[in-house]
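Take a look at the structure below.
A, B and C are the chain letters, set down in written order, and residue numbers restart from 1 in every chain.
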Amino acid sequence: MPLLTVSEVSKSFGGIKALDGISFSVAENDVLGIIGLNGSGKTTAVNIISGFAKPGSGQVRFKDRDITGLPPHRIAGLGIARTFQTVRPFHNLPAFKNLIVPLYSPRIRKFTEGGRWGDRDAVALDLLEEVGFERDSYVPYKPASTLPHGYLRRLELARCLALKPDLLMTDELFSGLSASEVGSMVPLIEKLQTRGMTLIMVEHRLRELFRLANKIVVMDRGRKIAEGSPSEIVENSTVKETYLGAEL
Amino acid sequence: MVPSLIIYGLINSVALALIALGFSLTYGISRVANFSHGALYVVTGFAAWLLLNRVQLNYYLAVFLAVVLISVIGASIYRLALIRVRGMPLLEIIVTFALGTAALEALRFFGFFGSNYSLPPLFRGGVTLLGVPVDTQRLAVVVIGGTLVFILWLVTHHTRVGLAFRAMAQDEQAAMMLGIDSDLMATWSLALGAALVGLSAIVLLPLSFIATESGANILVSAIAVCILGGLESTAGVIVASLLIGYAQILTVAYLGPHYQMIVALLAILVTLIVKPSGLFGKQKELEERV
Amino acid sequence: MARRLERIDRPIKVLTDDIYALSSIWNMLYVAVPRIFPALLVLLMPLLSPGAYGERVVIITAIYALLALSWDFISLSTGLVSLGQALFFGVGAYIAGLLNLHLGLSPILTLALATVLGASFCTALLAPCLPLRGIYFAMTTLVYPLLIARVIEATAIVGGTDGLVGIDSFPNAWVETYLVLIFLLGCGFGLRRFMTTDLGLVLRSISDNDQAARASGVNVTSHKLIALWIGAALGAFAGAYFTHLYMFVGLSAFSLDLSILPIACAVVGGMGTLAGPVVGAFILVPLAEMLRDLGTLRIVSYSLLLVALVLFKPEGLLSYLKRRYEQVERWVEV
């Protein structure tokens, strides 16, 4: 049984149909890649699943439960975490204090409670080390507003991991990163996958995505035009025409 | 009863539109919510009064100088103060609000309050419309108000300056890249907004007294019309003035004069709670955004 | 040669950031003095000030300090700027007056009830406006006190334009003076402590970026309500205190004065520090009292002062003092 099912979801902004009856599902421990040109509705799909946008019609089911139209914090509480396309750290807080927020959310609070305050700090530092912050340096203690972009991406990922999600959705996680930064991010995603996490990745970096994902959904103008394993997608003629042609 | 409600409702609506136009124009161009709007109204009144009665100028010259003076004041509010807090809407509000309060209280200190001061009407006498006596000055309000709205629409939609204004209203940074001086435009927007509220003061004040107490009411009325109509929308200003104008006349007729401001205040609250972007607003930011 | 100003933490500051604070008497004093000295000063102020008028000024200062503290707490923890502290003040003032007049409750009891009920009432009024941002929320807070005052005026409920008279005063001068001062110190230190707890951090994160807070599984609305309630409670307490102090409550409890002066205090003292607004109040309010003879010029002067500070010295006094206390400055060549 699939972990997440999106069925016949439509959404329009004014007159423009951002999503037009899109359906797909993700099985447990899958890595689903969503690709498509700009404006094809990828981010809208992520927003609808995570509750940041309400669908015009259609249904989203997670763990066999209808989550359509629930507010974002409830969906996060059920175990769906997401990153944002443009990083959204809490600028005024030190990097490790950023993670106090998800650690304090009702979903996680019960695991991190019991001691005095400061206990969550230790958990936060562990998480930051996991995504590649140097633990003994000053970096985790600097205000998020002073960190370079690469660290902010990692911080965003750590904020999601702090929720111990069952499903992690990344929205262009690799954008704005240098080649070496992407190179160090890929093994991290692989590690999450081996740990049993399910991922949905919206991505423009096809080379890395095709290495990580075992299923790809191709979108064009709010519709799904193809679905299959990476090797099938590369061979698919419609996809080649609208999207891949130049690149592969 | 009914014809008089219709006629006085219309006059009240046009008066509201006149008051709100300046606020709406300034906000529409430069995104500055000018909370000294009411003070500018009162200051124009006293400036015109001083020029008429102390300097003994001719009426038209005095009125012209008062409006010029108020637009210079508007421009200097931007040049001297707002330019330093540009882009921080709340500080802009605090600064303009505090400046307005300071101006009003200073006028009160110098004895300008109560019912001792008034401007002479431009037109005297009256006519009877549908059996209702109406004085000519009130008709002048309707005519001048209508003309101003029309001119404003012409300028913003059919001239180069208007185009630059609208460009800036849509995307300040993009407009700057195309060579539009955003500070200059914002200065103009404040000056024009102030000139408009000055004009409305010249037209409306002969109907009552020049009183510092009315400053807050003017500000509230302008905000009410702009919020209900949707900030920056000229069509919204017209529709909202009609709605609030008639609602005020009706409540005053049936409930009592105290309710006039309550209608305006309730209009602000209800609009903000139910549909913050107003009837004609295009403010997408207020809706869920990611 | 180009130069730039370099700021470095003092060694003693770095030491006392950690548990080494306990290792020497100087380190302990370094931490304790900036906290204990102002608190003692506040408590001694009624004794040092001359006569009944001086005491009255101290009490009014403390009342404004509470309003300023409430303003700063709300803006720090929800990111919302209130232009209507008079709402909290007026609601608290009227509830205390009504409870005392009609139910005959003692001032201490009405004070507690007015704080709780007033805060709940104001929070309920503002709850529908919470999704609004920036200037829109500010406008609703500006409108509420005006609206309530007009409604009282129009319907002549709760005393109409005459207000409520004949309200009991406090049992004795000691209670009258020290209750508000101790409440102020308790709230000031309590809220500063609260902002460093995990819940406080979550509130700050919401004012920073509410979308990211939502994505982190935090219910933004309920947290904002909590913060708003706490802020409103401080304001309502201030209003209720004022009622019993003057044994009268009227429409002036909703006046604009009460909304502007607290903001001015916060700007003078330093926004976002919680202690700053209190310091600002102890500078501005006595000054404003001294200027009372000038009539409305008093409002002119502090409005202009507010503008000047916002434009030229937005940092605030307390942030400046803190910087000088904790850091050394020197020019280095680059």
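Here is the rule we use: a contact is a pair of C-beta atoms (placed from the backbone, for glycine too) under 8 Å apart; a residue touches a chain by one contact, two chains touch by 3 or more.
Since this is a predicted model, take the numbers as computed values, not measurements.
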What chain sits nearest the middle when you go by CA atom centres? C
Name the chain pair with more contacting C-beta pairs, choosing from B-C and A-C. B-C
Can you name the chain that lies farthest from subunit C, using the mean of each chain's Cα atoms as its centre? A
Using mean CA coordinates as chain centres, what's the subunit A-subunit B distance in Å? 48
Centroid distance [mean C-alpha coordinates] between subunit C and subunit B, Å: 33
For subunit A and subunit C, what's the span in angstrom between their mean Cα positions? 41
Which residues does subunit B have that touch at least 2 chains other than itself? 290
Residues of subunit A that contact two or more other chains, please. 52, 84
Among all residues of subunit C, which ones touch two or more of the remaining chains? 211
Give every residue of subunit A touching subunit C within the complex, in rising order. 50, 52, 71-73, 76-77, 81-82, 84, 88-93, 97-98, 100-108, 117, 120, 159-160, 162-163
Residue set of subunit C touching subunit B in the complex reads 81, 83, 128-129, 131-136, 138-140, 143-144, 146-147, 150-151, 153-154, 211, 256, 260, 263-264, 294-297, 299-300, 303-304, 306-307, 310-312, 314
Contacts from subunit C onto subunit A in the complex sit at residues 197-199, 201-202, 204-205, 208-209, 211-220
In the complex of these two chains, what residues of subunit B are touching subunit C? 33, 81, 84-85, 89-91, 93-95, 97-99, 101-102, 105-106, 108-109, 216, 220, 223, 227, 255-256, 258-259, 261-262, 265-266, 268-269, 272-273, 276, 285-286, 290
